[in-house]
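In the two assemblies presented below, chain A is common to both, partnered first by chain B and then by chain C.
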Partner chain A sequence: MSKKKKIGLLPFAAGFAAALVFGWNIFPQILYSNKGQPTTFSHTGHLNHTQKDLQDLDCVDCHYYRADGSFAGTPSLESCAECHNEPLTGVPSEQTFVSEYVKKDKQVPWNTYQGQPDNVYFSHIAHDTYECTECHQDMENADSLPPYYENKLTGYSRDIMKMHECERCHARENTSNACYLCHK
Partner chain B sequence: MALDRRGFLMFLAGGAAGSVLTPTAWKLTDDISIWTQNWPWIPRIPTGALDEKPSVLKLGSAEYGLKIKRVNKQPITASGNPNHPLSLGGIDALGAASVQLMYSPSRIQQPMIKNDQGQFKPIAWSKALELLAGLLKPLQGQTDALACVSGDSTGSSREVFSKFLRAMGSPHVYLQPADGLAQNRVWNDLMQGQGRLGFDLENSDLLLVLEPDLLDTWGATVKNQKVFGRGKTELIYAGALQNSTAAVARSWLPIHPGSSGHLALALAYCLFKQGLEPRPVPKGFREYREFVRTHYTPDQAARKTGLSAQAIQNLAQKLQQASRPLIISGSTTGEGAPGFPFFAGLSLNLLLKRINTSGGITCLPGPETVLDPAGGPSIENSQDFCGYIQDCATGKIKSPEILFVHEANPAYALPDTRKTTDFFDTVPFTVNFSQFMDETAARSDLLLPNPYFLERLDDSFTPFGSAMNNYSLSLPVTQSGVDAKPTSDLLIALASTLDHDLGVRSYAELLRKKCRRLGADWGRLTSGETWTSGKTLSQSGLTLWNQPIASMCRAQMTGTPQATPGLVLEANRKTGSSRTGLPPFGLKAHLEEELSGALAAVRINRQTAEQMNVRNGQAVTLTTQAGSIQARILLDEGVVTNTVAVPTGFGHTALDMFSQNKGGNANSLLSLSCEPGSGLCSGTAFEVQVSIAS
Partner chain C sequence: MSESMRIHHHFEIRWGMVIDIDKCTGCGACVVACQAENNIPPNPDPFDRMRDPHWLIVYKLSNHKKFPEHDTAYLPRPCMQCGNPSCASVCPVIATTKDEEGGIVSQIYPRCIGCRYCMAACPYHSRVFNWFDPVWPEGMDKTLTPFVSTRPRGVVEKCTFCHHRWQIAKEEARKRGENPMHLDEQAYIPACAEVCPTGAIHFGDLHNPEHIVHKLARSPYAFRILENLGTEPQVYYLSRRDWVRKQGDNHFRQEEKKNS
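This part shows the complex of A and B:
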């Protein structure tokens, strides 16, 4: 009888702890797969260019608004090929990039960390007054691209901005949270 | 320390309590809800740089300018080009689906050859051309050994075909039958008119449409709709059924099917009564007037048309009071008719002095020919393909050894399907340049796919119905997604293999030369602009009566109209063209009762249903001398009594799964007959029997 009392809450505690470990550590590993990116890219390498005429490269040279106001997002192959039509450095990844994509005229299938699904309309230019880093990771000082985690069930990126995050910010900024604002 | 039942339950309880403090349950619930909405067949919206490229619709229907919206150079949607004179920003059901059709599952993916078991197998382009050159070589100089049918009446490819066949010694280049071809033949061959006919709808104040569906399948339909939309032109429709045009016309005059020619001559009778006489007097006017006076008295006219004598009289009065009336005649489907209704309509325009005048008929110079300006008759004046089949069937002409089929689906679209397929069975080798695996392609021996119109450079010279000559380029907006080669370039190369020089090294060179000859600016054309010319040909020697016209008109005097249930075919662009089959978006365009299961609806009115002892929704078999189809009855008061309205565009046995086995092919109900005098061959069906399907 006394023996039973001794282990009374232990199974509960063990189950509780196991659930926490599973929920916070194991479950995300099961749910997401690390897909990475098709090729490497160094933001710092481009922003701190040693070549003189490229020293004033800026974020907006690649991540720009098109004439119609839409956001170009990840640069197209044509943009990359403006400089990298031929390998410029001895870096092997650059040579692979040129041979695999530029020479084959094949767009790089970049994985977009925060690409919204088709049923969401999002305009970058409407949010232009905010710093990019308020929503995106700070890539200015990143030498490599962060891992891209894809949700195995939904196919969405792990880092996608969820609706409640949009709503919270809109509420804070006293902006409408009407459905039609994002769901056209 | 063993885990007993109580301990196990506590472990589970602890696990459940712990789970609440993790994202597992909430995240799974959220993700599963998203997962259930993201099936692989749901199309994704492409993202990227947006742009628009001009092109011209070339799918065997009305041709007009398009703007193709692209994302990352991939076409995603089409809209009307506001700067194109035949679009003015408008679009029809086929144009709206033109981008999606590019991805049709029935696209021919590569050159293919039929093996002994009747199955298509891929073949390399080089081998296919070698094989074709080998087959053609011994046929050189044989007049009847090679023939070609094309469905492209506006492109310069017909010049290439014409020149190629002439180099081979064959005159047998034909166009698929169409109202434009028939109308121009009546004008040029019977009435001795010059040029091609144009119709100045926008400047007319009264449009009398005698049977064709002006707003859906006749001529430049998109432009026609724009003209109608301005509301400045009064539209009167005479026909056996309430189609898209009749539904919006100021008035619909219900007449017996196929009696529009009689109505036109009955109106001429009334105009003569009111003392109308054309100046200058056309040749044969007195004989024409005598014929009209003899055969179109009010009682005779009422019997022939089904309209009361008073209604005809009122209509004639309206025509005379209008300052710029225009009479449009044609077939209900736009796919050709006997010459009589065209002649009757044109004669009425002539009597009303509506030739080469604002709001009337314009006589336009024919297209500039680049390859062989002096060589042979132009393709549009030659016999149509129906006549050729008839001549082959009667042994007047020897069936060809090799048949080229270009941008046409005659095995489906021609009247008298049985006779057409019999003809194809007699041809030892058929080469098809289609983009789609249609009925004719399926019967062919060698498939050499032409790129889709959005994937190739082509041109369009004055589609039928335009008021003035116009020329525009159909520009490629994307690379071909299949292994296709432009047919015209292929023929130029093939000719070279056979030691013939067609006069150009590429199709692009031909188009540039044509552009120069017209005095158009290539740069402006390639940016989507259209060359137009208001030049018309003055007419002298117009004839209202001669031996062929007399034969044609007298042949119409036999038979009693409407003695038995009549058949009228109705076409609608939402069923696509014969080449494309049912286009995407049909689900939204078709009413539920129009197509139910495998049966399409045929329309009859309540009185006819009572006479036939059938009821609404009943499955029936329609039988004519030529064939039979299954259909479902749809009661509709928009059809005249004793008439069955059968939709075209259904009943495909090839193409994709969206077109196959949907309804019956209305063309199979028509018999092929050639008209005395005009020599025009077309489909006719005077009698149809309706029986309840077993």
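This part shows the complex of A and C:
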């Protein structure tokens, strides 16, 4: 009797395992496409220059608040061209960056990992007391950019901050969770 | 209205508008400014009201008397941001609520299912339904306000007191190291109030004595539209003309006797 029961359970266990493999491994590969970034970028290379004559940068040199309190986010081509008007190093990726974007005066179409939909408002300066890495990946010691996964159905980034994550932190911090706090 | 129907909220800030009807010339600049600011698509046929998702509209009032007693007035009508919003209590999906500091009634477009209960409930006709997807003529999409989301077909929208301008004003205050909950009167002004050539539209915090609306709303010439309903609007009107103030509400016959 018990043996029969065990055999009877086997197809269910196999089906369960197959569903898990599909749900956790195969389906995300179908849903998300790895788009990457238009050009390479090394955060460590900019924070600690290997060449002595170049000045080391700080995070806020590129990711800064504007005068009106809004956050600059990914630097514009003008910010990059302040230093990279001409190639500074012998790195081939820098030379292609200068020839492809700076010389052609074309903005780099960076993919934003945390790009929110049109109807969402987020103020960086209101969250200034928190560490950047509570929401963003720590890029201080990263030599390359992480892969950018785009949801094929919605077109949004896989690593976007979800609404329940915003709400959970707001509830924990005893802050308002009113709709108009974040929606526009 | 029964006590249980009232939504009790206490907000530190109560954004309010005081519109001086005697100063309004009916020029319509506020309507244009509102449309440009809030990404309201241009209407191919201005007489087709179905295609006109107006957030702010100017009504013409008349005392219905023959010359020389004849008199007219103009009444700009934004969303009243009611203290007891009848739209919020009927919404089946909580797409519209009054829960944020400042007392502005929110409208979340992706959440709206387009049932239009709120439109039926609103006594001020402040809400409009998108029967069509918005279309901007080529090149005009570059004039869109990035701080206001565009609305697809099938959702209800309404005036938000240019809520995004408050968000921007709070950011600026934080950058300057000031308290974002205690803004200067000039820091946050909706587009209609900013553009009004005669200065008929005043805007500010009704709870803050430093703001002019605090004083104006307590004027003996101040009134609110359909005050008898108990909706507690945050939009006040001013007029020294008795007939204008009288048209602000529908009175029962016995009340009229009492008032006269």
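Miscellaneous remarks
Here is the rule we use: the second predicted complex is superposed on the first by the 170 of 184 C-alpha atoms of A that agree within 3 Å, B and C clash if a C-alpha of one lies under 4 Å from a C-alpha of the other, contacts with A are read in each partner's own complex, and residues count from 1 in each chain.
Here, a residue touches a chain if its C-beta (ideal position, glycine included) is under 8 Å from a C-beta of that chain, and two chains touch if they have at least 3 such contacts.
Nothing here was measured: the structure is a model prediction, and the numbers come from that model.
Per the definitions stated earlier, placing chain B and chain C onto a shared chain A by superposition produces a clash between them. Contacts of A:68 after superposition on the shared chain: both chain B and chain C are touched. In the overlay built on the shared chain, the residue A:31 is in contact with chain B alone; chain C does not reach it. After overlaying the two complexes on the shared chain, residue contacts for A:118 are found with chain B and with chain C alike. When the two complexes are overlaid on their common chain A, residue A:18 makes contact with chain B while staying clear of chain C. Note on chain A: of its two partners chain C and chain B, the one contacting more of its residues is B.
By the touch criterion stated above, A:76 is placed in contact with chain B alone, chain C being left untouched.
By the touch criterion defined above, A:181 reaches chain C but does not reach chain B.
In the superposed model, A:90 lies in contact with neither chain B nor chain C.
With the shared chain A as the reference for superposition, chain C clashes with chain B in the stretch 580-588, and the other listed options (166-174, 544-552 or 580-588) are free of clashes. Common to the chain B-facing and chain C-facing surfaces of chain A are residues 68, 70, 117-118. Chain A makes touch with chain C in their complex at residues 65, 67-70, 117-119, 121, 123, 125-126, 128, 176, 178-181, 183-184.
Considering their complex, residues 4, 7-20, 22-24, 27, 31, 66, 68, 70, 72-73, 76, 107, 115, 117-118, 151, 153-156 of chain A touch chain B. By the touch criterion given at the top, residues 97, 99-101, 104, 106, 108-111, 147-150, 160, 163-164, 167-168, 170-176, 180 of chain C touch chain A in their complex.
Residues of chain B touching chain A in their complex: 1, 3, 6-8, 10-19, 21-24, 27-28, 31-32, 34-35, 38, 44-45, 47-50, 72.
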